[in-house]
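To start, the structure itself, in structure tokens.
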Amino acid sequence: MSLSALRVAIIVFPGSNCDRDMMVAIERLAGRRPALVWHKETSLDPVDLAIIPGGFSYGDYLRCGALAARSPIMEAVLDHAARGGAVMGICNGFQVLLEAGLLPGVLVENAGLKYVCRNTCIEVVGGTDSPFTAGLAPGHRMIIPVAHNEGNYFAGDEDLQRLEDNGQIAFRYVDSDIVGPANPNGAARDIAGIVSANGRVMGMMPHPERAISAELGSADGATMLTASLEALIS
Amino acid sequence: MSDIMTAPHQDPAMTFENAASMGLSREEWDLILTRLGRTPNLCELGIFSAMWSEHCSYKSSKKWLKTLPTEGPQVIQGPGENAGAVDIGDGLAAIFKIESHNHPSFIEPYQGAATGVGGILRDVFTMGARPVALLNALRFGAADHEKTRHLLSGVVSGIGGYGNCIGIPTIGGEVNFDASYNGNILVNAMAIGLANSDRIFRSAATGPGNPVIYVGAKTGRDGIHGATMASAEFSDETESKRPTVQVGDPFTGKLLMEACLELMASDSVLAIQDMGAAGLTSSSVEMASKGGLGMEMDLDLVPAREDGMSAYELMLSESQERMLMVLKPDATDTARQIFEKWDLDFMPIGKVTETGRLVLLKDGDVACDIPLAPLVDDAPEYDRPQAEMAKRPTLASADITDGRPVTEVLAELLGSVDLASRRWIYEQYDSQVMADTIAPPGGDAGLVRIHGSRRGLAASTDCTPRYVEADPRTGGAQAVAESWRNLSAIGARGLAITNNLNFGNPERPEILTQMAQSVLGMGDAARALDTPVVSGNVSLYNETDGSAILPCPVIGMVGTIEDIGAAVGMAPTAGMALVVIGQTAETDDGWLGVSLYARNLAGSPDAAPPPVDLQAERRNGLFVQQQIADGLITAAHDISDGGLAVAVAEMCIAGRIGAQVALPDGGNRHGWAFGEDQARYIVATSDAGALLAEAKAAGVPAAAIGSTRDAGELQFGDENAISLEDLSNLVEATIPALMSGG
Amino acid sequence: MQVIVNISLKEGVLDPQGRAIGRSLTDLGFQEVGEVRVGKRISLDIDETDPARAEQRVARMCETLLANTVIEDYEIEIAGENEA
Amino acid sequence: MQVIVNISLKEGVLDPQGRAIGRSLTDLGFQEVGEVRVGKRISLDIDETDPARAEQRVARMCETLLANTVIEDYEIEIAGENEA
């Protein structure tokens, strides 16, 4: 089956601002334009992947992702996940997935107490059988930018240990020659992204959709997204 | 003065004292009485004072602004609309403008800066353009001044707070520090958008009878002129101290932007105007007067956030995220649906009329009825006097230099706040959202890809206030030239500019001279470089305790590059020759007058700034653009603050590569290294011979001065080499140390 | 009726903002300042006259939206009763 | 001694956050919710035994750092006295 057979939906909340970027990236990599689904919808047509994009859903008011997580469409996303459907949340999307309870932990304000936008180097950890890491070798390194104010992953020690033991840590920030600390936000155990216990739900702070060609600074995001799409189709 | 006719509504009739407290002069007050044929009421007087304020009427600057070149084959819309528009080919227009938010940012740095960004974005999407890039130009007081840290951190997080949330990348800007800004910082924000060139929206109202629609957020009492509100005699209700700063809501701003763009894609909008300074007043007056028509509005219909708002308050509120539109008569339902989908207020509040008057109803009564013509056409225009300026002497390098090694001075300059890395600032801005950013902040110009194409849009903001102070005409021209150079250095061709004139009190002749002469210089340069002025903004009275800021006419230039793949950065690779463009091999001294060297190391001796040769700027810039397009130049950086040595060091730091640079045999070593002669670039090439031959053929001075090398050290002649890592740490440490109080 | 919800970080959860404020205060010469913690205070106008019922509804709001009970505690004050 | 500072937006200052929260609560079925405003609640451990003096010092902290008096009001509660 070719990638263009894959049905992808991108959920759009008021204040989402990476929805178009993700749509463009997926269309380029898969050859088919994903559907944009407005948050007021209450159902989701059958899809192979639901993506919650980055941005400032509801202005990031109250807590990042909190208001979006209670939006009408999220029932349908929860149902989709409960059936084993794949869900990917990027940046604000990751925050939404945590607020919706699809992934454990919370994302709190960056340790530097400032918004940070720059490249980071992340390493594939993997371990769980997840479509989001399956096509990437453990230890594979990628340059992917972050842009957020609340990317500091926090969970209790037991939860962190469980994530570690279950192989649910998908990506970690690692040292590189990029100016500034490897971990841009103080995240516990340098966590950049995690997956659910069954590997089908993934959230990450870095933006792969912004790193899809050398001209944009890196094409590693394209590698990562393509690997995920391929794993989902097979 | 007797009432010829009673003013409408129950509002008290005004006196000259009232007018004076709103900033109007005796002559202006008399003019209002004559034009109106009676005394105005509070609401009417408020409208006059707002429309005749310096901000809306440009009364002190108009005479000079008129001298600027505003036309050219590329210009679709010059000054006069919400933003300027230039043709960038492929049926597209770049729409852009810069605007100041200096005073609010000093009072409340976060909100002041945030609403500055929000305001300039509205100016751009009002014209039907989707914003694609933001830039800014900032001036703070001395780095060690007690307020600087607080103001800088607030302004930067405010700019980021709005731009990041609404999802427009910030791709460039500039920051200077000088004690003259201790009590009056400058916060200028620029936005660039893209639209189809045949789908540009303007503000002139058309079609009497057509509905006037209010959309966006509700109106509150924020931003109403503080001085006016404090005067108890204007209002019988006891005023608590109302905030005079507005609070931005980027979330609503984003919804408003999406809703407006969605509506504009349908065929519904006849005219549209954002509510910026003086809110509903300036938007309604401008729309009606530009259309040569009148307008009638029922203020009871204006969506209000608070109860009991008076006509005066409703008309002068500067609440954010609001727009006024004239729709086609049958389009109201379509429009309403769109705004409701985005959870925004949508309210028909009036209609276009043929009367040439602004008529406002409140509580079923007439609250204002004034002819529009005087508000706009009779707005005062002043020809204020200038002062004689003594010509400054040319400084001899030998008078201020010593024999210290170049690298030692270099380290000192690079560690200063003037040249230190701005990373701490620009990493707080989302520079990559929209996934089209080719060159984020950190290089000479920002560059975004025109979505879905191979072409790029480049932009830079620039001004060197110390040059403007020393010689306004040269300084005005230099600001344009530096922007042009910053674009050329990445391979882009400047197309047009916007400007933000930040000066002190124009009623002082020496300040008027600064403004007038720098505008003339700006015009000279804009003509020579074919970069007409398409929009701009004026901010005067930037003073504290009678001392003015260093004059700061900021230029924002926008240009294009045909193939983003051909654009270069300033990072050279190993084994490259370094060539200086704009200077010959024989040059062994440079212009230190008013340089950063003179200012930071020699106590700013009185001197003339480097002259600006516009023909050389043009020729050298076009040459660099061409050689970048042809691939002969692989990295480039313009020479500006700090001169040649600083430019080379910045390239080495960017490329993480060392270099060996030859020193001239004679002349003045520091003058050569740190002089700020204009129209120059350092470029890297793998074929110096070919590049020098091209330069010779084009009549462009050029000389090979050295080459990059892997050793990780920068060396001038046989002086001690300096480690690149040390230089890099130096440059990166300064602002973080300043901001952490170190 | 006005109801106030005070939301604070659970004990043991790191509060970098509070720490930064504490440090700034000490730098500014307020040597007496020890730990600083920052929470939220949300005030709600509730169309409800029975305080018990108001409290119960607001508790529901906290559980569903206002607080993230993974890291936050909340406390409800019925302000309408005590105040003018 | 524990001192609490409640910081709220001045009346008339737009509270976009409060508005967004209010709308979400209504959408979630809490129809009784009217205006919502969000403020900060800062708790400070102060090494000081005299409540009057503590209050005076904290007021100074509010003016210099904790509150932005252009748009915010503050209110000081000496918690140590009334509570356990």
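To keep things simple, chains are lettered A, B, C and D as they appear, and every chain counts its residues starting from 1.
Just so we're on the same page, a contact is a pair of C-beta atoms (placed from the backbone, for glycine too) under 8 Å apart; a residue touches a chain by one contact, two chains touch by 3 or more.
The shown structure was predicted, so the numbers you read here are calculated from the model rather than taken from an experiment.
With contact taken as defined at the outset, chain B and chain C are each touched by A, D.
The chain pair with the larger count of C-beta pairs in contact, out of A-B and B-D, is A-B. Chain B and chain D have centres, each the mean of its CA atoms, that are 37 Å apart.
Between chain C and chain D the centroid-to-centroid distance comes to 9 Å (mean Cα coordinates, whole Å). Each chain gets one centre point, the mean of its Cα atoms, and the points for chain A and chain C are 30 Å apart. In chain A, the residues that touch at least two other chains are 58-59, 61-62, 67, 70.
Shown for chain C are the residues that touch two or more other chains, namely 64-66.
Each of the following residues of chain B touches two or more other chains: 249, 251-252, 343.
Pairs of chains meeting the touch criterion: A-B, A-C, A-D, B-D, C-D. Residues 13-14, 16-17, 20, 64-66, 68, 70-71 of chain C are the ones touching chain A in the complex. In the complex of the two chains, the chain A residues touching chain C come out as 62-63, 66-67, 70, 99, 105-106, 108-109, 111, 113, 152, 154, 186.
Against chain A, the residues of chain D that register as touching in their complex are 16-17, 20-21, 24, 27-28, 38.
Note for the complex: chain A touches chain D at residues 58-59, 61-62, 67, 70, 72.
By the touch rule above, chain B contacts chain D in their complex via residues 107-108, 111, 217, 220-222, 240, 242-243, 245-247, 249, 251-252, 305-306, 319-320, 343.
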